[in-house]
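Here the chain labels run A, B, C, D and E in written order, and each chain numbers its own residues starting at 1.
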Amino acid sequence: MIVRDRPSALRLFFIMRGSILPRIWMHLAVSTLLAVVVTWTDGQFGHHKLHFTTTPFTLMGLPLAIFLGFRNNAAYDRYWEGRKQWGELILRSRSLARQCLSLVAPDRHDDAGSRLDEPHLRIISRAIAYAHALRHRLRGTDGAPDADIAPWIAQGEWERVRTQSNVPYALMLEMGADLGRCLRTGRLDACLAPSIDASLSAMTAVAASCERIRGTPIPFSYTLLLHRTAYLYCFLLPFGLVDTIGYLTPLVSAIVAYTFFGLDTLGDELEEPFRASDNGLPLEALCRTIEIDLRTALGDRDLPPPLLPENYRLS
Amino acid sequence: MIVRDRPSALRLFFIMRGSILPRIWMHLAVSTLLAVVVTWTDGQFGHHKLHFTTTPFTLMGLPLAIFLGFRNNAAYDRYWEGRKQWGELILRSRSLARQCLSLVAPDRHDDAGSRLDEPHLRIISRAIAYAHALRHRLRGTDGAPDADIAPWIAQGEWERVRTQSNVPYALMLEMGADLGRCLRTGRLDACLAPSIDASLSAMTAVAASCERIRGTPIPFSYTLLLHRTAYLYCFLLPFGLVDTIGYLTPLVSAIVAYTFFGLDTLGDELEEPFRASDNGLPLEALCRTIEIDLRTALGDRDLPPPLLPENYRLS
Amino acid sequence: MIVRDRPSALRLFFIMRGSILPRIWMHLAVSTLLAVVVTWTDGQFGHHKLHFTTTPFTLMGLPLAIFLGFRNNAAYDRYWEGRKQWGELILRSRSLARQCLSLVAPDRHDDAGSRLDEPHLRIISRAIAYAHALRHRLRGTDGAPDADIAPWIAQGEWERVRTQSNVPYALMLEMGADLGRCLRTGRLDACLAPSIDASLSAMTAVAASCERIRGTPIPFSYTLLLHRTAYLYCFLLPFGLVDTIGYLTPLVSAIVAYTFFGLDTLGDELEEPFRASDNGLPLEALCRTIEIDLRTALGDRDLPPPLLPENYRLS
Amino acid sequence: MIVRDRPSALRLFFIMRGSILPRIWMHLAVSTLLAVVVTWTDGQFGHHKLHFTTTPFTLMGLPLAIFLGFRNNAAYDRYWEGRKQWGELILRSRSLARQCLSLVAPDRHDDAGSRLDEPHLRIISRAIAYAHALRHRLRGTDGAPDADIAPWIAQGEWERVRTQSNVPYALMLEMGADLGRCLRTGRLDACLAPSIDASLSAMTAVAASCERIRGTPIPFSYTLLLHRTAYLYCFLLPFGLVDTIGYLTPLVSAIVAYTFFGLDTLGDELEEPFRASDNGLPLEALCRTIEIDLRTALGDRDLPPPLLPENYRLS
Amino acid sequence: MIVRDRPSALRLFFIMRGSILPRIWMHLAVSTLLAVVVTWTDGQFGHHKLHFTTTPFTLMGLPLAIFLGFRNNAAYDRYWEGRKQWGELILRSRSLARQCLSLVAPDRHDDAGSRLDEPHLRIISRAIAYAHALRHRLRGTDGAPDADIAPWIAQGEWERVRTQSNVPYALMLEMGADLGRCLRTGRLDACLAPSIDASLSAMTAVAASCERIRGTPIPFSYTLLLHRTAYLYCFLLPFGLVDTIGYLTPLVSAIVAYTFFGLDTLGDELEEPFRASDNGLPLEALCRTIEIDLRTALGDRDLPPPLLPENYRLS
């Protein structure tokens, strides 16, 4: 995620960091070059001149507006829902910690070493691992999440869990088992268990919702239809403009192509909000937030600082 | 569901798999042919020349934009809600498994053969059957779901259930009965039962919501109004264009018709997200996900792999 | 609700059943006749000629697009929310049945005659009556609902309930009383009662939501503003077109009027989704679904078949 | 709220009751008069002629469409959410009554005089007062609500409550106190209290949501921006039209101004749905509904009739 | 938040307070000045004349409408969701107070001094501190919140809490601890604790949702794309208009620029609803509301008055 203040009017046109330009410059260059050629030849190829006029572009503008407007909204909705789900994960983790501390009977030992011996403290600690595991799953970095997950759970548990196909769910089952232990040892009243259980279910829901966003793209036929129409529009546009505005054709074509390709590419990034792209969600920073809050709840003193943007980017 | 990466700009125009073209080529061909004829005759039939100009198309564009934009949004909403409901089914199944394992008293036997003897393990196993049964119901493949459902429930139960008109609900009633058994044998505290009961209710809700989407299409009058307007627009368009852009008429007509027919046909597919079409939801893959996760919870070792797309299509 | 497959392109223009045409033909005829007259006289009345040009229609198109787009969305939202509420009623009824069977202590007698003697079975049976009563209330057929409601509740109860102004709520109070009886006789644990109580509250919510949709139309001032603008637009349009497209004026006017009047009339129907119109919700079929499912839960064998469309219409 | 059937096409143009016309006629008259003057002088002032053409209006139409469309949707959403909240109040009141009657132990006396002696019956009766108090608060008629509220609560309580700044919340605290009394006297099981408590919380939520709608208008800057643009558009329009359509300018200007001013004024009314305006919500009728239903639950016989529209208006 | 009545038509154009003009006047002046220069030189620079015509602006209007419409909706949604979250905080605080008073066993002492000795009264008092702490966190005024927070919690607690990185969450953990104390001293039945616990979780959710809105802006690439397009549009517009409307160019350019820059700047403010700007949410007034209501619940008599707007602004 790019984090920077809105620049002044003048600098607005020279900012590259955070702009979509670097990713579309080639398409933009091709379409502008074509516009230059069309302007040069006045739209004539051999003896034929293509009299497009601007009428077709007004007509094609109608479906294109529907496509672009819809795609844009759908992609942003996915982005925003992804963020909402992680916000839900943050708040459910915080509530889970509060519940474990206040509802389970208090023979809590403050010394950090024994944290993994008490089931209800284990649940809090494991919730940190859960967030990291979900991040790795969503970003496809299943390979080496040891450094992030292993410190928060017992050694044996990590061995057991890491080979599972769905690591977050395996951790969730362990949390359920610890909840059962609290119940059966009488440290948690049966009337209070549903509250903690509901928090666990909500965290399960976050994972499934994120997987939904990740696994179900906007229908491919739709994307294809949009791309084709947008490309045709941009590549035919110079023929339509050259008779009216002459040598200004490349400028106007470039502006229009910039907006269309830019909107399209931005949609591509927002559509997959969990990827580690410039416009992706800052999952690492969000995991850090959970880590800080839950370690605060556990009474830790030496907390890591919140993640800050590097070169305007929060990862 | 079509799963493939966005192709490069060049290949974009030659992709057929996942494109809506194969399903609209006939309409497209007819309307383009008409445009060719109109261009050839210069819009004259006998001694009459139809002076349409483009004015009517600007006027007709207004209601058409409303129709297409609305239909498109409504169809996608149905698709996305369908996916959300199945995401809900996945997460509720996972939570149900966790709850059965952690809240019901633990005299669980790990050996797989006895799984159907313990009521709380039976519930987990039956949840797999529930997902398959719902899929068959939504896809209308009620005929031969034995292979998918029978392995997960007891022999006698399947005999009893298969003749019911609403198989998923019959399975749900059996789950309720098993929950009652856990309660009455004292293995589940009455304070904890509502949590499991809520998961069952949520799974009931998924089924009813999916039936709602399947059984209540976008109002037929609406579809008819849209189709008629779109067809009239596309078939009259060449008459309006021929005076302005001459022999380019067929090209522009074809592009416009492609977007309109394409959007319309895509809407038809998204409107019924449970059908086994290219743009339908991958219900089989989703059922497989549930199967893997719930068998993990039950401690199974030899799990099937997740379903992968065949020829870019996930079914 | 009209249920029929999308017709082929050719038949598309000749379908009457399900089309909005029969309800707007008079307005359409009047406006087309006017267009013919205008074309005949070339827009001259006496010595005055009305030089409208198409400019005013572009300007009026802007607010009209806002009106029609908004009205259309609002009306469809009402329709779809109505359907959602009935889907909610279906699923809550199913869950209620499951809960009554699994959570209330089991001295259930399978013989159908005594069904109304057991409070928890009475609740299930009464839920069928509730759906029918709500349907009659929403459709304004309060007069003679005896045949639908009376069989599902005790004779005395029906006498007591039928004179109430709000029959569904009176039935709901009876369900609450039966829930209280289960509680006080010790057949239902106090910890389990909230689950059933929540189902009853959800069914209460469905009734109130449906009454909201029925009793609160889209603001009348809005409808008036839209109607006036649309009529003015359609009746003035021929004057604007006749100079440009001559004798094609009636054709184009008729097409535009068809879309505007059609969209408007369709909105009128969708706005009140509980009326027994072509585009109304099939409340009878939905009640039948509830009846089948709840009688299945009660163990009935001779179930009625689901309602099927007659002449493409599901009522 | 205006309640009347859609008039026939002819009467459509002569209806005043429910139309927005009476509230915008002055603006409409001014702008039409200006259009007449412009037409008379042919857009010339002294020796200058303002050659506006229609181009600027197409350009200004773009932001105006965004403003009007957005404002319109936002205002209607506020209206509809206000109605939803009151629907929620109705259903929660009904559920609260059912819960008090079925979950609290039954030594209920049917004689109406003692109704205020039993805490659980007092809660039901007080819920009627709550609805009235909320209505008075939202409509700003805090002055004299005695007649509506006092009959439903004990004399002493009303003296205590009426001086509070937030009367509905004071009543809510009294309901909570009565719930506590039921608990402590053992007439309500602790497991059942959360259900009633949740109903009270939901009724608290309704009040806070309605206060939100009432206290937080659509941002003033936005309204100002919209008003200014719409006025400029309407007052400049005649200059742009006069060259094209001559003496028809006043007619077209009046139509466009009617739609813009009408939409704007309607938005003003819908934006504040609790005001006692023509397009406000019928809070009195909704309070009457609650009163009837809750008195039915209490066993009252002589119920007041539902409120009916007077001169097409439900207040 | 600006609170003022809609001004009359005449005063509408001379209001500055609440208008967006003061913040965009420089951009507006620059673009109008440019328009004057272009009009003066008739679009000629040296010997070149830029024949833009209005065609490019129609084409650029399409993506611009999508950008502006989307941005506008997204920004307002953030604003409105922010307000909803604070409404949720208000209602949850009220419900929490009611629950603490009615569900916890009553050995309450009415004398205000001992308020911080009773855990359940401490929770109510601390809820006031929670609202203030959240406000300071969202507005970035972490520096000196002593005066707002300290009076509502015990001296020692404030010392402990103020050094935490997340003050609201630290307060929330203290509330959880007090809930645990009520449970363990037997003053709160275990069946009733989940209701209070749910209120605490909901208040946790409010904080996380507000942080989400504050910490995750609309993607920067999007904002950049919109700004660039809008600026280009406004600065090129005079070249397109000068041939058609001559010396009216500066007027029309200024109007269009006013709407675009105004909409853009308003979006900037609404996008960050918690900032203390003219269009920000009145967090101080909302905190005061919570303070008044909760102190009423605690039985305080000398309550502060609600905050009123100063110079039409509620802070």
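Criterion: contacts are C-beta pairs under 8 Å (C-beta built on N, C-alpha and C of every residue); 3 or more make two chains touch, one makes a residue touch a chain.
All values derive from a computational prediction rather than experimental measurement.
Undergrad: What is the minimum number of touch steps required to go from subunit C to subunit E?
TA: 2
Undergrad: Using only Cα atoms, superpose subunit D on subunit E and state the rotation angle in degrees, rounded to the nearest 5.
TA: Nearest-5 rotation angle for the superposition: 70 degrees.
Undergrad: Is the contact between copies subunit B and subunit C built from the same residues on both sides or from different ones, judged by whether over half of the numbers are shared?
TA: Since fewer than half of the residue numbers are used by both chains, the interface counts as different.
Undergrad: Using Cα averages as centroids, what's the distance between subunit C and subunit D in whole Å?
TA: Chain centres of subunit C and subunit D, defined by C-alpha means, are spaced 24 Å apart.
Undergrad: Please report how many Å separate the Cα centroid of subunit B from that of subunit E, as a whole number.
TA: Computed from C-alpha means, the inter-chain centre distance equals 39 Å.
Undergrad: Using the touch definition from the top, which residues of subunit A touch two or more other chains?
TA: Counting only residues that touch two or more other chains, subunit A contributes 58, 64-65, 69, 189, 191, 194.
Undergrad: Which word fits how the chains touch one another: line, ring, star, complete or other?
TA: Here the contact pattern is a ring, one closed loop where every chain has two partners.
Undergrad: Using the touch rule from the top, order the ring's chains starting at subunit B and going via subunit C.
TA: Moving around the ring in the direction of subunit C from subunit B, the order is B, C, D, E, A.
Undergrad: Tell me, which parts of subunit E touch subunit D in their complex?
TA: 1-4, 6, 9, 12-13, 15, 18-20, 54, 57-58, 61, 64-65, 68-69, 72-73, 76, 79, 83-84, 87-88, 90-91, 94-95, 97-99, 101-103, 105-106, 189, 191-192, 194-195, 199, 237, 241, 244-246, 248, 252, 255-256, 258-260, 262-263, 266, 269-270, 278-279, 281, 292-293, 296-297, 303, 306
Undergrad: In the complex of these two chains, what residues of subunit B are touching subunit C?
TA: Subunit B residues touching subunit C: 27, 30, 50-53, 55-56, 58-60, 62-67, 69-70, 74, 164-166, 169-170, 172-173, 175-177, 179-180, 183-184, 189-191, 193-194, 197-198, 200-201, 204-205, 207-209, 211-212, 216-217, 219-225, 227-229, 231-232, 268.
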